[in-house]
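The following pair of complexes shares a single chain, chain A, combined with chain B in the former and chain C in the latter.
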Partner chain A sequence: MPHRTFFWFFFPSGLAMLMFIGLPIISSFFQSLHIEPEQILMEVEKCDPFGCKTETKVDIEATNKLQEEQPLGRFNGLGTYGDRNHLAFDEIKEAWTNSSSIAEFTDILLNLPFYKALLFTLTFCFAVTPPVVVLGFIVALSVNTITKSLKGPTIFGVILPMIVTPLIGSLVLFWMIDAKGILGSFIQFLFDDPNLSLKSSSQLTWITLIIYGIWHNTPFAFVVFYAALQTVPQDPIEAAIIDGASRYERVRHIVIPHLYPVATFIILICLMDNFRVLEPIIGFAAEGVAQSLSWMIYNDLRSENKMLFGSAGATSMLTIIGVAILLTPVLIRTWREFRTER
Partner chain B sequence: MESKINRYSKQLILINSFFILAWLVVSVFPFIWTFWGSFKVKADFFSRADWMFAVTGVNTLIETGDTSTVKAYVESWTEGEFWKATMNTIIITVSVVTISLFLGTLGAYALSRSTYKYTFWILIAALIFRAMPHITLVSGYLFPFFQLNVWGILPTTIIVLVAINQPFTLWLLYSFFKTVPKELDESALIDGCSYFQAFRFVIMPVMWPGVVTAGLFSMMLAYNDFTVTSLLLNQQNYTMVPKINAYLGTIEHSGNYMWAVSSVVSATAPLFMIIMFFQRQLISGLTAGAVKG
Partner chain C sequence: MKKLLIALLFSFVSTSAFAGGHSPCGVTDGSIKILANEFTTYRIFMDEVKSCAGPSADFSVTHSVDHNKLQVAALSANPAEFSAKLVTNGSITTLMNDNLIRPLDDLVAKYGSALQDNQKIMIDGKIYAIAFMANAQHLWYRESILNDLGIAVPSTYEEVIAAAEKIKASGKMANPYAGAFKSGWNLGQEFVNMYLGHGGDFFKAGTAEVSVNNANGVAALNMLKRLTEVSNPDFLTQDTNAVKEEWESGNVALMHIWNSGAASLLDDEGDQMIKADTRLAPSPSVGGGMKPATTLWWDGFGIATNTSDENAEASFRALLGAATSTEMANANPNATIWLIDGYSPGDTAGPVVDAANRGATPYPSLPYMSLLHGALSTELVEFLQGNESAEKALADVEAAYVAKATEQGFL
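Moving on, here comes the complex of A and B:
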């Protein structure tokens, strides 16, 4: 295909991606270099029957004027990245010199907003992915053995948690595990503790979120494994049966090695998708104890009167760096495949 | 397909059926429970006294005179203006699917037929774009959109969702067009067609299986989106998912909590219907990326 034709075919799609994915990233970076203008204060003298007092007030007019002149705020360089809500260099330095033990230091470190969010995001990613892969594989093996006529409806049932949007999925579970809901009551009954609530402690909330993550992601792993199982060659399996291999041995030595590449694909996609966890936190109303990086950005942008573009931009950039690290293996894999294809 | 010697023992079948049933309960029961509970009042769905109330509907009987009620549905659709959110969702979903398929088929066709090296770099760039968390993109949109005064309206959101959706659509349709034999459109070119005519008259008639799959994924993205719609639309233009979230935020302690429960059912039911019909396409789309790369 000549360059010209290619260009016209690809132009609309490419333009859309450049304008609304490429540019926003640059715009985000630009915002992160700026900080909201300070409010201009003025002194007002207020007199009442008991005498006069001077009060400091926000000069709304002057502040608005400044806002209009510099809508993005004033230039701050990389200052936002180092402040308390992001990488917090000063606080870390201070904690390092002042704390007597490593435990105390990590304690201070993990109470800083950014590191707290990073810890939750990574914990969520790495706690959800392994069970998802294992469960997805087992469910796929198991669905593969049932009667053909039952397969369709079974697959439909199994993939439901993946189809609904995370917010709705987490709400549905949240209402059940509510202390007054069915699962919540059941857990109270199980542990014989009428005051037990999964919302009460941060550990329990984290566990709930992770269980939700597994519930939501397993169908994806299942679907991919199930499709890959259809491509397992039958000849070696038959040969193994003739040689007297048990079912477990056949799965262990023939099926699993065949599925390795698929498993790495699932792991990488799972890590990448869970790195942006946001909706479950909102659905489970867990903002108090579990914040993710995406949630920090969401929170900066949601505040009614004052959106913190600078702060959101800086967190976005740091998140993108995180995604880039997780993405590298995927890119390398794709590149290799492309090369062998040509 | 299954060979005769590879028979399953009775025990295995038993354990297996048991496991599958248990797993189905885990994945399906929450939805059945919510569906059932949406016809009850709040005192039953969140029953402090006895969880069985949610099944029997004791308080619902006291409050409304029947064991199940559609009060929450009626109220949320009228008073809660869920009909408006539904309309917005339909407008957004239909537009996003149409536009992204139009752009996607053209772009992916060109990518699959060009032999130059830059196609590889474009696909890699698309992969990187696909991995960007949506919220980071939204943080880049808000400020310019405020300045241009295009924030809060449906067309902006539609264009943004189309763009966000492009990378995946491109990859999916690219791998689909790769399976369509090159000879098909090459012979049309030799017969004197232009590239566009070859696409229009030779490729378009055979591309529908791939387009249905890509359309399904575009639909799910637009229908399910929360991040973009909740931050880029104003309250009046909310689609279903942010609307449900708004119900939760404002009315935690009033009886209107059931609005959210019934709306969840209203929003989920059509999606499940569609997936029931297009399950095969959904699965083929999910695996296209995985098994091949």
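Moving on, here comes the complex of A and C:
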């Protein structure tokens, strides 16, 4: 394709991407460099059913005036990025000089909100993605071999977890794993421990969330693998059958190499999706023990006070950087493959 | 304090008619869109608002337990998503900070002749909200279980724990105590109660500088920890509504929840055996203190700044009609403690009046309190799970608060 044709072909989508993805990112970045203007406080008399007393209140007029002068708020540079709720440079420096062992330092580090959230987010990403790829592949292979009449209903059943809205899916499971729910009491019966509760400890909650993640994401891998399986050339497979290759050998030496690029694609999308994990945390009421980067943004924008736009913007930027770092190896690999094919 | 008592004791003596003034009900112009918390008493109140608004009114109400998280975003938009919001002494401050609710003096002058003075929430001489009920958290117990084991009704948290341990040892219940410990607002509130019960102050007087990492804070946390040890192991996922379900399933013999819970716990649905056995008791004190470890709350309504005057008037009229409805109050005397003129308190009002008498403090309405409450909501979990010391948890709370308050411009 000549460059000129390509340009005009790409132009509309490029423009849309710039408007709906590029500009919001730039705007978030600018917002993250600012904090709210100073709040001016005043003492006023306040009366309610419990009596009157003098209390502090925000001086709305004075504060609004400041707000009008600086609609974006006070410029804070990269201050928000470095504060305790984000990268926490000062706290880390202090921990490094004061802690006597690496274990103690790690403890302090993982107690900081951003690193705590990062640990869960990464754990979730790397615990969910590989099983999703493997399971998705196995399910696709199995569905591919069943008779035509059963294929439709089976495919529908398999992709059901993806159809269910994540929040609803996790809420349904949340009640099922309750100590009195069907899964919860079955697990208690299985381990013969009437006090076992999946919601009570951090580790079990993490495992529950990861299992939910696998359950929810496998259909996506299945759909892509299943589509790709339809493109596997039949000639080499027939040749292999004639040569006496077993089913395992055919899959290992013909199907898997053919599906390699597809697997890379699935890993890419899954990592990206799982890095943004949010809904299951809300659905499973797991905010206390499992916080992700997206949850931090959500919490800044939906806490019970003025929305912390600066803080949310900073976390968003850090999330974008995180996704970029995470995807680099996969992207480099894809680029190399692209070069060699040429 | 006194005002509440006077209101309760004398409210049924006088029944004033709509002397002068316009009758508020039967709204025809403007639309009424209300955001409210979700619990039975509010449902009763909203039914009355709807019937006051009348059949031709454009009326809708959104009940959500996340109302506090929605309110700022929903009312900041212009025009606002809602024309009115049910507020409490906790949530009104946030709305006041951003000038999201309007003064109501002119509307009160026009329609509010049936209002009692203590219903008017005055800030700096202007009326910003109309209160219609008072609420507080207090102790609830199952009489037969305490009687069977010869346990006296606990009046301190130390006795609550002793009682819970005795019930546990008897094998009647595995987790006899319940409180709303769900990580988030509820957990923060439990700490607020316990800290005030120990006589603590959240801020250095007159400043936004936090001070909770002290002996009172540690004692409050340790008490919470001991309570969670006699609670359902899933306590971090249980909010007030979940605790009520536990109670109605008969899994719990002692709990510390809202007085307004009576509306659903003492209704005709559910296990009537448990209902007949349910008793209300004053909120316990803690650590040798005199004050009960609870906070006093009023619930009322405010009208959005960013809505048209027409919608504001329509919403005010409908809400005011319910907030002055003696019939609604007397038809549901146990749903809560109504602040409405002519209301005769039911037999569930005792614990709240008791809390007021014994000097319980109203929930602090300081502009930066919600930031501290938010920090408490997330930073206490690790301590309750046993992964962190109390001092460390409180230091984390302070650090998280400082970072947020700095960004908000309070420090």
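Criterion: the second predicted complex is superposed on the first by the 268 of 342 C-alpha atoms of A that agree within 3 Å, B and C clash if a C-alpha of one lies under 4 Å from a C-alpha of the other, contacts with A are read in each partner's own complex, and residues count from 1 in each chain.
By definition in this document, a contact is a pair of C-beta atoms (placed from the backbone, for glycine too) under 8 Å apart; a residue touches a chain by one contact, two chains touch by 3 or more.
All of these numbers come straight from a predicted model, not from anything done at the bench.
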| item | value |
| --- | --- |
| Contacts of A:N111 with chain B and chain C, given as first, second, both or neither | second |
| Which superposed partner A:V323 touches (first chain B, second chain C, both, neither) | first |
| First, second, both or neither for A:P37, with chain B first and chain C second | second |
| First (chain B), second (chain C), both or neither touched by A:Q203 | neither |
| Contacts of A:V289 with chain B and chain C, given as first, second, both or neither | second |
| More chain A residues in contact [chain B versus chain C] | B |
| Which superposed partner A:M307 touches (first chain B, second chain C, both, neither) | both |
| Chain B versus chain C as contact partner of A:D48, first or second or both or neither | second |
| Touching both chain B and chain C, residues of chain A | 178, 285, 301-302, 307 |
| Partner chain C, residues of chain A touching it in the complex | 35-39, 41, 44-52, 55-58, 60, 64, 73-74, 76, 80, 83-85, 91, 111, 113, 178-179, 194-195, 197, 199-202, 284-285, 287-289, 291, 299, 301-308, 310-311 |
| Sites on chain B touched by chain A in the complex | 1, 3, 5-6, 8, 12-13, 16-17, 19-20, 23-24, 26-28, 30-31, 33-34, 37, 45-48, 51, 54, 102-104, 106-111, 113-116, 120, 122-129, 131-144, 147, 159-160, 162-164, 166-167, 170, 195, 199, 220, 223-227, 231, 241, 244-245, 248, 260-261, 264, 267-268, 271-272, 275-276, 279, 282-283, 286-287, 289-291, 293 |
| Chain A - residues contacting chain B, complex | 1, 3, 5-6, 9-10, 12-14, 16-17, 19-28, 31, 71-72, 138-139, 142-143, 145-146, 152, 154-161, 163-168, 171-173, 175-176, 178, 180-182, 185-186, 215, 219-220, 223-224, 226-228, 231, 234, 237-238, 241-242, 247, 262, 265-266, 272, 275-276, 278-279, 282, 285, 294, 297-298, 300-302, 307, 309, 312-313, 315-317, 319-320, 323, 326-327, 330-331, 333-335, 337-338 |
| Residues of chain C that touch chain A when the two form their complex | 1-4, 7, 66, 68-70, 72-73, 89, 91, 93-94, 96-99, 118-125, 131, 134, 174, 182-185, 187, 206, 208, 232-234, 236-237, 296, 298, 339, 356, 362, 365-367, 370-371, 373-374, 378, 381-382, 385, 387-388, 392, 396, 399-400, 402-404, 406-410 |
